[in-house]
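Written below as structure tokens is the structure these notes are about.
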Amino acid sequence: MTNPQTSTPDTTKAHSTAPATWKDASEIDAAIARMADDLTAMIRERGIAPALMIGIHSGGVWVAERLHALLGLAEPLGTLDISFYRDDFTRIGMHPQVRPSRLPVAVEDRHLILVDDVLQTGRTIRAALNVLFDYGRPKSVILATLAERDGRQLPIEPNVVGLRARLGPEEQIKLAGPEPMTLVRALVPKRRRRPEGEAPSGAAEPAP
Amino acid sequence: MSATNPQLDGQGNLRHFLTTEGLSRALLIEILDQAEGFLGVAQQAVKKVPLCRGKVVANLFFETSTRTRTTFELAAKRLSADVLNLNIATSATSKGETLLDTLRNLEAMHVDMFVVRHASSGAAHFIAAHANPHVSVINAGDGRHSHPTQGMLDMFTIRRHKGDFANLCVAIVGDILHSRVARSQISALNALGAGEVRVIAPRTLIPAQAESLGVRVYHDLREGVRDADVVIMLRLQRERMSGALLPSAHEYYQLFGLTEERLSTAKPDAIVMHPGPINRGVEMDSQVADGPRSVILEQVSNGIAVRMAVIAMCIGTQNLGSQVAGETDV
Amino acid sequence: MSKGPKLSIRNGRLIDPASGVDREADLHIADGLVVAVGAAPGGFQPDRTLDARGLVLCPGLVDLSARLREPGLEQKATIASETRAAAAAGITTICCPPDTAPIVDTPAVAQLVHQIAERHGYARVFPAGAITQGLEGRQITEMAALKQAGCPVLSQADRPIRSTQVLRRALEYATTFGITLFLQPQDPDLAEGGCAHEGRVATRLGLPGIPQAAETVAVARALALAEQTGARIHFRGLSTARGAEILAMARGRGILATGDVAMHQLFLTEDDVDGFDADCHVIPPLRTLEDREALRAAVSAGHIQAICSDHQPHDADAKQAPFPETAPGISALETLLPLALCLVNEGVLELPAALARLTSGPAEILGYGPARGPGRSIGCLSPGSLADVCVFDPAETWVPMPGNLASHGANSPFLGIEIHGRVHWTLLGGRVAFER
């Protein structure tokens, strides 16, 4: 699962968009622990056990791996790549690196926990729901995100959130990882016509 | 007079897919990586992704080939594109319409991509050169020249079994002279850095100065497949079996037909490939075709993923072009 | 030829390869003939004087193969359009292959071509008569009648004579009347289906190839028959080193054979076909760099006596198809002289020798050399010759483009390339057929 290309923070950015750590590894560990507690409570409260956990590539998978272990879920973790469902294909073309979606357990008629790293516009989650529904019809889906910030463009809200941020429109937060995971804050880079490599996780969520 | 590669746009993105020749290793790898992603679509309950929704792909087949056309059709449909199948072999050109007339008519129907199969070498290049700038062309086989999606699906299949190309020895057996598949395989293998590419056939089926393609030429099957990691058998067209190229299918099989026994000099884990359809008892016997080393059926399913990758990459690039135009205009 | 005006061309560099003249000299013309080189005859009063200071004057060029497309293919070009292009290019004599529609296999068609050409008056047009009826390679034509009707030579154009017996009989019969046969040496079976030189580039592009042996087999067959029959043959359009070498050897043994090469074969190679450039689709195909160098050497040494344009104008549709389906040929009249000057600039041969391959060499092959007698010879400027003259500026540069070519054919790989050599005047039988 570890992809060395995505694990190192991008140091090629111009000075003006240089990332600064917003939350360090220990703060993230604490946030994930809180999320695990909230999820456990929610699963009990809603009676949705055994729930199937699915992480969205790449950062969502890193977070989901931690949550999956903390919750001690018996069934394997599913992973989802939303590249083929992005709504900006006609503007920026193919995503240069697509990892196959892996759903080792059928989603049909199951309760799902969808995990992502940063929720901003909501477009990634819209795409992820579309992917899921092309695999089958889940009974319910709850959304857990490590961080939630302003800038929603679709009526999508998380059920479980680790951290909340309010940022300027030209700013973004991204998850760097997977070991150690840090949330970095930077200016939105000018869109490159064709990204040569995978940007740190979170970039899959298209900016307005 | 070597112009810039007509397959690429100004930024080096794939705009048309006409031949594997002249494409960088990085781009070929990208095609394989993208195909890897598309392989998963077949696992979905709904075997379809919305990537090319609203796009129109026209299968322009001047030479009938149900197999190739079907895989392209399926690939385009799995990308949610609309597909037009035109069997020109029996329609337009017989009414005196030129190839360009046909092209213009289809462009008027707002086609976004042509998938072209034609009996003449260079036909796909010709169509790409004359198509509207927002239309992409994929070569589905032109004469003896190129069949790049077949070549890439073979590379994909090889990579899935062998991992890297660096130290691979690949032997291609059969009618190299007339084979567009062989040409695409050879240039792709060389671009991907294969250790050694061999061709094996009697002299009548080897093109002039074949070595200039970047291959070693063998005329003895046992010698040619010795220590090979991959053995690719080419289809021998029926019409080549009579006349002066070969005395008979019988002698061809005796000398160049693949059997378990003749395969014994290859590496123990060698895989056997064939673009299909197989002439059993001519190119290989059934024991090999259906045996444990045969990956022939995998090639077919890999073909859909590779064609999805190429269609999506070309259509994705079209939009980049229009975006660039928009940026410079405003 | 009707009586023309009296003309003097003064102060130019006069190059007449046939008589070995290369010096600054005036040329005096009267009644359609050259009357003097150098000083004017006593009492000569020209009606017009052309000042050729800084220019070269030479015999009008003689082109052994240019297709005019008329009769039958007027959508591509006409005798009027192409002879006008010839005049603009300094070409005064054109030998056109018989593959028109109808084919030049009867005196009537030959006379028709003559009549149309004379009506327009831009160039002398000599139709090559067909060797076999319908160019089908079976039944020989009425050769004596064709000669009588103004066909100086006979040709099979690019169609084969498969039967060696028919070729032998054709050679024998033609020899009875002293007629030279033009043979385009290409074995039809070895060349069948081919559209490019069988070699590195065709192998890579998957283009059906034409092997070198397609030419050498045909050259060797024809030479063997020429030796047997004593016939006079001319190889039209050699393309290989080996073909040129065999011809040179045969000539050394006294066989009455000559040869020419299309100008583009001295510049382009198989590599120019790369990218499926239909303008480089020619038959015989563009060969290797080694072949090109050998052909240049043969032209320089005189083993090849003529360079022709092999002009083949096409309508746009003819080249708008996948490479193998395009019509072969280059529209080449107007680049003939500039490319010859390019050979001089590249040191392949001296200017007088280059002009010899375009004037006296081909005129001899057509049987119109000085030996033909006063008032009848072309390709030379000695007194008594027909006053066909080309006056050109060897230094002037221009860029051929569809818009500045007189030919109806714009199918040329040399378009858009700057070339040297611009014709200022072309005289045909003492009259100005073209002036810039």
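Think of it as A, B and C in the order they're written, each chain with its own count starting at 1.
Quick note on the criterion: contacts are C-beta pairs under 8 Å (C-beta built on N, C-alpha and C of every residue); 3 or more make two chains touch, one makes a residue touch a chain.
Everything quoted here is computed from the prediction, not taken from an experiment.
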Seminar exercise, completed: Using C-alpha atoms only, the most centrally placed chain is B
Problem set entry | Greatest separation from chain A - chain, by CA centre | C
Problem set entry | Computed distance of Cα centres, chain B from chain A, in Å | 37
Problem set entry | Chain centre separation in whole Å, for chain C relative to chain B (CA means) | 45
Problem set entry | Distance between the centres, which are taken as Cα means, of chain C and chain A, whole angstrom | 75
For this session: Pull out every residue in chain B that's touching 2 or more other chains.
Result: none
Problem set entry | Of chain A, residues touching chain B in the complex | 81, 83-85, 89-94, 96-103, 108, 130, 133-136, 193-194
Exercise. Residues of chain C touching chain B in their complex?
Worked result: 198-200, 202-209, 211, 271-272, 274-277, 280, 317, 320-325, 413
Problem set entry | Contact set on chain B toward chain C in their complex | 1-3, 6, 21, 98-100, 118, 120-123, 125-126, 130, 142-146, 180, 183, 207-210, 212-213
Seminar exercise, completed: Residue positions on chain B within touch of chain A in the complex are 11, 13, 30, 33-34, 36-41, 43-46, 48-51, 312-313, 316-317, 319-320, 323-324
